[in-house]
Structures are given as structure tokens and as C-alpha cells.
Amino acid sequence: MLASELARRLEGRLEGPDTELTGVAPLEEAGTSELSFLHSTKYVDRMEHTSAAAVLVDREYDGPSPNALIRVTSPYAALRQSLEWLYPETDRPTPGVHPSAVVDPSARLGEEVAVGPMAVLEADAEIGDRTTVGPGSYIGRKVKVGSDCRIHPNVTVYRRCRMGDRVEVLAGAVIGSDGFGHSREEGVYRKLPHIGIVVLEDDVLVGACTTIDRATFGETRIERGAKLDNLVMIAHNCVVGPDTAVAGQAGMAGSTTVGGGVQIAGQAGFAGHLEVGEGAVVGAQAGVTKDIPEGSFVSGYPARPHREAQLQQAALARLPGLRKKIRELERRIAELEDRLRDED
Amino acid sequence: MLASELARRLEGRLEGPDTELTGVAPLEEAGTSELSFLHSTKYVDRMEHTSAAAVLVDREYDGPSPNALIRVTSPYAALRQSLEWLYPETDRPTPGVHPSAVVDPSARLGEEVAVGPMAVLEADAEIGDRTTVGPGSYIGRKVKVGSDCRIHPNVTVYRRCRMGDRVEVLAGAVIGSDGFGHSREEGVYRKLPHIGIVVLEDDVLVGACTTIDRATFGETRIERGAKLDNLVMIAHNCVVGPDTAVAGQAGMAGSTTVGGGVQIAGQAGFAGHLEVGEGAVVGAQAGVTKDIPEGSFVSGYPARPHREAQLQQAALARLPGLRKKIRELERRIAELEDRLRDED
Amino acid sequence: MLASELARRLEGRLEGPDTELTGVAPLEEAGTSELSFLHSTKYVDRMEHTSAAAVLVDREYDGPSPNALIRVTSPYAALRQSLEWLYPETDRPTPGVHPSAVVDPSARLGEEVAVGPMAVLEADAEIGDRTTVGPGSYIGRKVKVGSDCRIHPNVTVYRRCRMGDRVEVLAGAVIGSDGFGHSREEGVYRKLPHIGIVVLEDDVLVGACTTIDRATFGETRIERGAKLDNLVMIAHNCVVGPDTAVAGQAGMAGSTTVGGGVQIAGQAGFAGHLEVGEGAVVGAQAGVTKDIPEGSFVSGYPARPHREAQLQQAALARLPGLRKKIRELERRIAELEDRLRDED
């Protein structure tokens, strides 16, 4: 694609010579036919030395100029779009049902659906237009998948779960497994049948080997645009709000509700039946045991306001010194006491 | 199923009109043909407004009465059974071997075994009566699976591992992978062949994407009725006692032995070669570095008695205040010292 | 195999009667036709009672002698080799492409390659000599796998990723999934296409259900001989150094670089963009938020030098006592103050 054509599609402005772009790379690595990007002023000095054919920059950018600039409103968003155009994904199965796939005759497939080799679609499964089902993936009975979804290889989607449009589920993820709820009968756990489902709304991303349990009753729900990283565990009846991001290996116990726009860092954990307010930020490895108010930032175990946690950590670091100080004060008090005793 | 028939099967007593029951739902959501349940007095006020056709209650229940009651010894156990009867699972493959499955001629299958599409059964595998092997699952050589087991889709069971009866393994789980044991030879790790196996006793549950490593020698053993949630890691040679529950993302290093009836909360971790006593309780994210006595409750990192951990947390929270207090005492001591110096 | 033949192959020396060895077992369990091993003087008293046909011992060993000894330079390394010879693995698919596998005609397979049932090899995949691809595994387009690799069942390897020789990837692992990098556009996350790859160098081990994300640009790289346990999460653009060991459920965020010979214990977590120096040791559940110098040992959250963390833990444990002490000092100061006031 020509730089001028890319600029046009991005509604940006090309400044400098027009070139055929063959790829995208960071400033320091880009070759003379590659596009690059400057998304943070931190890297502005790299602009002097880059060999890139063209660089995506902010409309107001006025630093050193390489071969060519493409001025856009958001260089990072423009980068994303350029990558999509210049690197059409090659993991996508070609449209059509691979002859090795096992698709129940009652399954309903939209237009241009691709079902990879070894995939299994059970009775009454419904797959929307242009959606792909990766090799070795399993789609249970009455599962409904929207349009333009990408189900990667070796994914399992259990019966009756539902996905909106543009949902992406990475390899090895499991959607709709039974929740970890048991009835204890004479000291023995017996699993409660989980008759609820999982709903993944539009634009949700589910990472590799992430597991989302179905609800006991009703729904476990991942709301519009929420993004879950790899190896995340979402228990039965949880709700994850819109545009919330959950980083790798984080987990939540049953019936916890997380608001929209929340940021959850890696390996954080949530007890069950909690409410996490909109826009909250949860630090890495935080252990959340109580509700979190809107907009707050918590960290540590048990999770507490981050500023508090930091003060406590700092105080803890000085604790050995504090003990010494107290022994010194005790000595000085004893001296004073001795002295007054002598005076008597 | 008629409410009267359900009551009969549960050995309970129906009070009120008999109705055809079409499903089960919580009190606040149940429709007029649905069964509901009251398993905690906390929700007793919902009994006034429920539309449920019948509600499972304790034999002694004497609160507000909706349309009909079914009195039983344990409403929660009765709920479990009702769910099983009213919602026959639809993920279960139909009995028989799917034509796409690859079953070695030497594999032995019991009666009414179901092997889903794309499943692979290696030589000398043995599958008990009424057991199901889900789509895309792999059963290694000489694996022995008992009766009435449910192996879900995309599960891997390595060679020679054994399962008792009524074992359930959820999607993506891996049973019998090599343990993480290496011989260090000239600075380079070389993996020790693991010749042991994994044994899952009767009624064990293994969650989605949970991994259980085979023993170096002998067995890694999950004992009768133990339940493992999703994304749990059990290393080589561990023993998990009967009716022990291990919540999501918890993990244990090699050769740790956990007693019966232990409750392990989410993301807890155990060092290797530990003994965890019967009936112990381990808090979420606890980092267990030492043996745990029978019946104790530990939390935090490093894990310590929960009461102690709480006192320490509380003291830590007041630590910044304590530093202030010490500075004040120091000032008062200095004043006393000055004063006595003046007197000299 | 005869004990004498084993001794010869190990370049060791047999002392005692020669026997046909049928297996390997620990000292206390070995039968009269089994090989055993003494790899730590801790277990030397077991030498008196073992029934083993022969025991691998150090060349200098001079303790109690069972039936026979095989003196070798490293008993543990000799154990590893003996296990490999006496227990040829039975999970390995037989060479050749299983008729149920789907192999693109453009894929290039080396000599004696084994492709298991239900495996899928996409266009231009390249598989080295004697490498095995397990049942149900997926090898994406242009993936390059070296010689003598073992890809276990139900593994996913995304497009263009590369492996050296003797790489082993356990069941359910995912190599090359998209990194968790998004462009935030008008409050909505949009996934950045990840055009980089994952490189697994020679002798790397990847555990069951471990996920390694591909780089945004360039490579996520696991260097020669590094070993990753189960359920580990390696984010985009990370580098894990040679002979580094990462235990179960540990995880690292994007662009973190770990040096060679590092030991990372279970459930440890790393923030992104960190540098971890060569030979460092990271304790279980440590939460690493800053660079770690070469050779240091850190633990706790936030991770700090282990000795410091221990002192702080010890101080914390005595903190409730410290509060009491301070109240006592305060009382003594008040008494001194009263007394001096009285004197005025």
C-alpha cells in the first residue's frame, strides 16, 4: 500500500515522498520501506535516526522529520488500523466448513462462516456471518455466536452460551464450564448442576486458557468491550462491566460484580459476592476481600487504598529501625528514672 | 414433572396445589410453573413475593407460604437432585463411538460408553460403563477410567493414569503431564522422565484447564470426593485428601500432602514437601511455607494462623500512627532530660 | 537391561552381582530386580534395608552396601539416563502421519516425523526430523519446528512461531497467542494486531496449559534450555534467559527481560518492562515491581531482598508486642512528668 493511500484511509496528511509500504516496525527497527509510529514524546529522539519510509505522528508534531510523516489524530489508533490493513491475519480458516469438521445438520451457519478442521458444532448451534471457528474447537448445543467473531483453535464453548458480535476467544479458552458450587451432603460434596449460561457481549476478548464458568442460575456476563487476558478465571454468576480490562492470571470467585472501565492487574484475586465500582483500579496480586468504591485504586493483601498500602509498606520497611529507636528510648527513660530515684 | 412426583422422589412432603414443574429458579425469578428453594433463612422475606409453583423448604419451616411447599430434610441437597432430574445435561455425547473418533482396537469400552467426535483412545485404554469421553479429548495408552465418569471436551489424559468411578474432568484439563523435575547437568536442566502416574479416586472433580502432574515414581493422588476448581496446579507426587476442596488458581509444589476435608481458597500456594492436616482451612492467596496442623486456619504470606495474621494486619494499619506516637514520646523524654540537666 | 550393561553405558563401575534390571524405584520401594539411586546423603540409612538389585551411588560412596552398587560421577544424572533407557515413552505417536490428521500439502516434514490423529498442520509449516506432533495439536502457517521436538496433545502453535531442536511443549499449551495490547479509542479498547512471533530456542520446555504471547513487533523469546512449568503466563515481547526455570502459575507482563540461570518460584509475578539479572532467585508468590540485580534473591510483595523481607516479617510478627511496650513507655514517661511537676 502506498503511503498516500494509507494517509487517505486514516484521514491523515502525508508530508514527504510517497512510498510503497511493505510493513510496520518500531522507529529503531523500521527499514526504508516500512511504516513506523511515534506514540509517545518519550521516543522523539529516535525520529532523528529512523530509516522508516513514513512515521505516524500527532497532528501537532513539530520535532525532527524523517523521510515522511503521516499526521493523524491518534497515532496509536492509526497504528492499529495500519497493522490490520498491512497484515491480514493468516490464522483465519478459509470460509466454508472443512471436510473433517463435524457439524450437526441442525446447526445454523451464517454467510462466509469458516469452520476449521476437527471443529465440532453440536445440534442447534448458531454461528453468525463471517465468524470463524478454529481447528479443534467445540461448540456445544444451542450455543449462539454472533457475527464477525473469531473462535481460535482448541476452544471449548459449552451448551447454550451466547456471544455477541466481534467477540474473540483465544486458543484453549473454556466458556461455560460448570461453576464450582456443591451441595455438601453427609460430609461429601456433590456438584450442583449449573443451569445458567455465559454471555459474552459484543467486542469481548477472552485470552488463551482463560476459563469462564456458567451461572448456577441465570448468567455469568462479560459486558461489551471487556477484555480478559490469558489464564484468567471468572467464576459462576460474575459480571464484568463494559470496557473493563482483566490482566493475566487474575481471578474472581462466584457472584462478584465488576463495574465498567475497571482495570485489574495481573494475578489479582477477588472474593465472591463483591461489588467493584466503575473505573476502579486494582493492583497486581491484590487480594480483594471487600467492596471497592467507584474510581478508587487498591493494592496489596488484603487490598486497601493504594496510598495507604504504600504508607504501610514504607512503615514496615522502617520497622526494624523503629524497634531500635524504642530500645533507645527505653534506656533513656530508665536513666531518668534512676536519676530521680537517686535524688530521693 | 409434577410437584407431587418430585416430593415423592425427594422423600419430602408437598403442601399446597400440585403443579407441573417446568424448571428451577431462585425465589425472586421463578415463574408460576417453576420450582424454587429456600436454603437460608436470610432470604425468608422473598417467600412472600415469589411466584414459584413450589418451594423446597426445611421440614421445620414456618414462615410465609407461597403457592406450595415441599418440605425436605435438606433443601440444598433436594435442589441439587431436582436440578439433575429437571435438567438432563445436553453436553453429554450420545452413547457409541462417533465415527470420527480414533479408538485403538485394543482399547476396551464398557457398556453404553460414549466417545465424542475427534476423541482419541490409545492402545489398551480401558473405559468403564456409561462413561463419556468428550469431543477432542485424548486418552493415552493403558489409561483406566472407571464407570459413570465424564471426561469433557479437549481434555488430555496421559498414559497409564487411572480414574475411579463418577470422576468428572472439565474441558481443557491435563492429567498426567510430566512433573517439573530436572537433573542439573553441567548447568543445564535435563528433564527427569516421570514414570509415575496420576490416580483420581471415585467422585473426584477436576476443573477446566487444571493440570495434575504425574509422579516421578509412584503416584500423584487425588482422593475420593476431592474437588479441584479451574486452573489449579497439582505438582508431581502430591496427595490431596478425601473431600478436600481446592478453589481456582490455587497450586501446590511437588510432594505436598493435603489431608481430608481441607478447604483451600483461590490462588493459595503451597511449597513442596509439606503436610497439611485434616480439616485445615487455607485463606485466599495464602502462601503456605510450613506444615499446617489439623483443623487450623491460616492466611497471608507467609501463611500463619489467621487470627495472628489479622492482628498483624491491624497493627500494620496503625503503624504510621505508631511512628508519630514514638516521635512524641521522644520529644517528651528530651524535655525531661533537658529539665534535669538544667537542675544540675 | 543387565546391570553391567547399564554401568557400561553410564561409564560407571558395577560392584556386586550382575542382574537383569526391570525398572527403577526409590530405595524403600525398589524390588529385587529394580535399580535404585542414592542422590543425597540424607537417605543413606535406607541403603541398609533396600531390596534393590543395584543402586546408583557417587564414586566416593562408602556407606552400607546392598546387593550391588553402580558407581557414577553424578547419581542423579545417571538416574535420568537410566529412566530414559528403561522406560521408553509410550505417549509418543508412531512415525508417520495419522490418516485423520490434516496436513497442508505445502507443509514440509522431516524424516521419521510423527503426526498424531486429529493434528492439523497449516500451509508452509516445517517440522524437523524425528519431531512428534501430538493428537489434536494445531500448527499454524509458516511455523518452524526443529528436530527431535515433542509437541504433546492439544497444543496450539500460532502462525510463524519458531522452535529450535529438542523443544518440548506439554498438553494444552498455547504458543504465539496475541499479546494483551490494545489501543484505547474513545474509551473503547481495540486489540492491536500482534505481528511479532514467539521463538523457543533449543531444549526449551513449556508446561501444560502455559501460554506464551507473540510479540507486538519482533519476538517473545524463550532462550536455550529455559524450562517453564504449567500454567505459566509469558506476555508479549518478554525474554526468558538460558537455563532459567519458571515454576507453576508464575507470570510476567509485557516486555520484561529475565536473564540466564534465574530461578522463579511458583505464582511469582512480574510487572512489565523490567530487567531481572542473571542468576537471580525470585521467591514463591513474589510480586516483582522493580528491576532485580544479578544474583540477588527477592521475595514478598512488593518483592525486596529476601533477608530484608524476612526481617520485616519478623518485625511485623512482634508488632502487636511492640505496641504494648510503647504504651508502657508512655506510662513511665507520664510518671516522670508528674513527678517533676510535683517537684515544681
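Going in written order, the chains are labelled A, B and C, and every chain counts its residues from 1.
Throughout what follows, a residue touches a chain if its C-beta (ideal position, glycine included) is under 8 Å from a C-beta of that chain, and two chains touch if they have at least 3 such contacts.
Source: prediction; values computed, not measured.
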Mutual neighbours - chains that touch chain A and chain B alike: C
Interface numbering overlap (same over half, different under half) for chain B and chain C: different
Between chain A and its twin chain C, rotation from the CA superposition, multiple of 5 degrees: 120
Between chain B and chain C, centroid-to-centroid distance (C-alpha), Å: 25
Multi-partner residues of chain B (each touching 2 or more other chains): 100, 118, 136, 154, 172, 209, 231, 249, 267, 285, 301, 316, 319, 322, 326, 329, 333, 336, 340
Chain C residues within the chain B interface of the complex: 23-26, 29, 74, 76-77, 79-80, 83-84, 87, 89-91, 98, 100, 116-118, 134-136, 152-154, 168, 170-172, 203, 205, 207-209, 225, 227, 229-231, 243, 245, 247-249, 261, 266-267, 284-285, 300-301, 313, 316-317, 319-320, 322-323, 326, 329-330, 333, 336-337, 340
List of chain A residues in touch with chain B within their complex: 100, 102, 118, 120, 136, 138, 140-142, 154, 156, 158-160, 172-174, 177-178, 180, 182-185, 187-193, 195, 209, 211, 213, 217-218, 231, 233, 235, 249, 251, 253, 267, 269, 271, 285, 287, 289, 301-302, 304, 308, 311-312, 315-316, 318-319, 322, 325-326, 329, 332-333, 336, 339-340
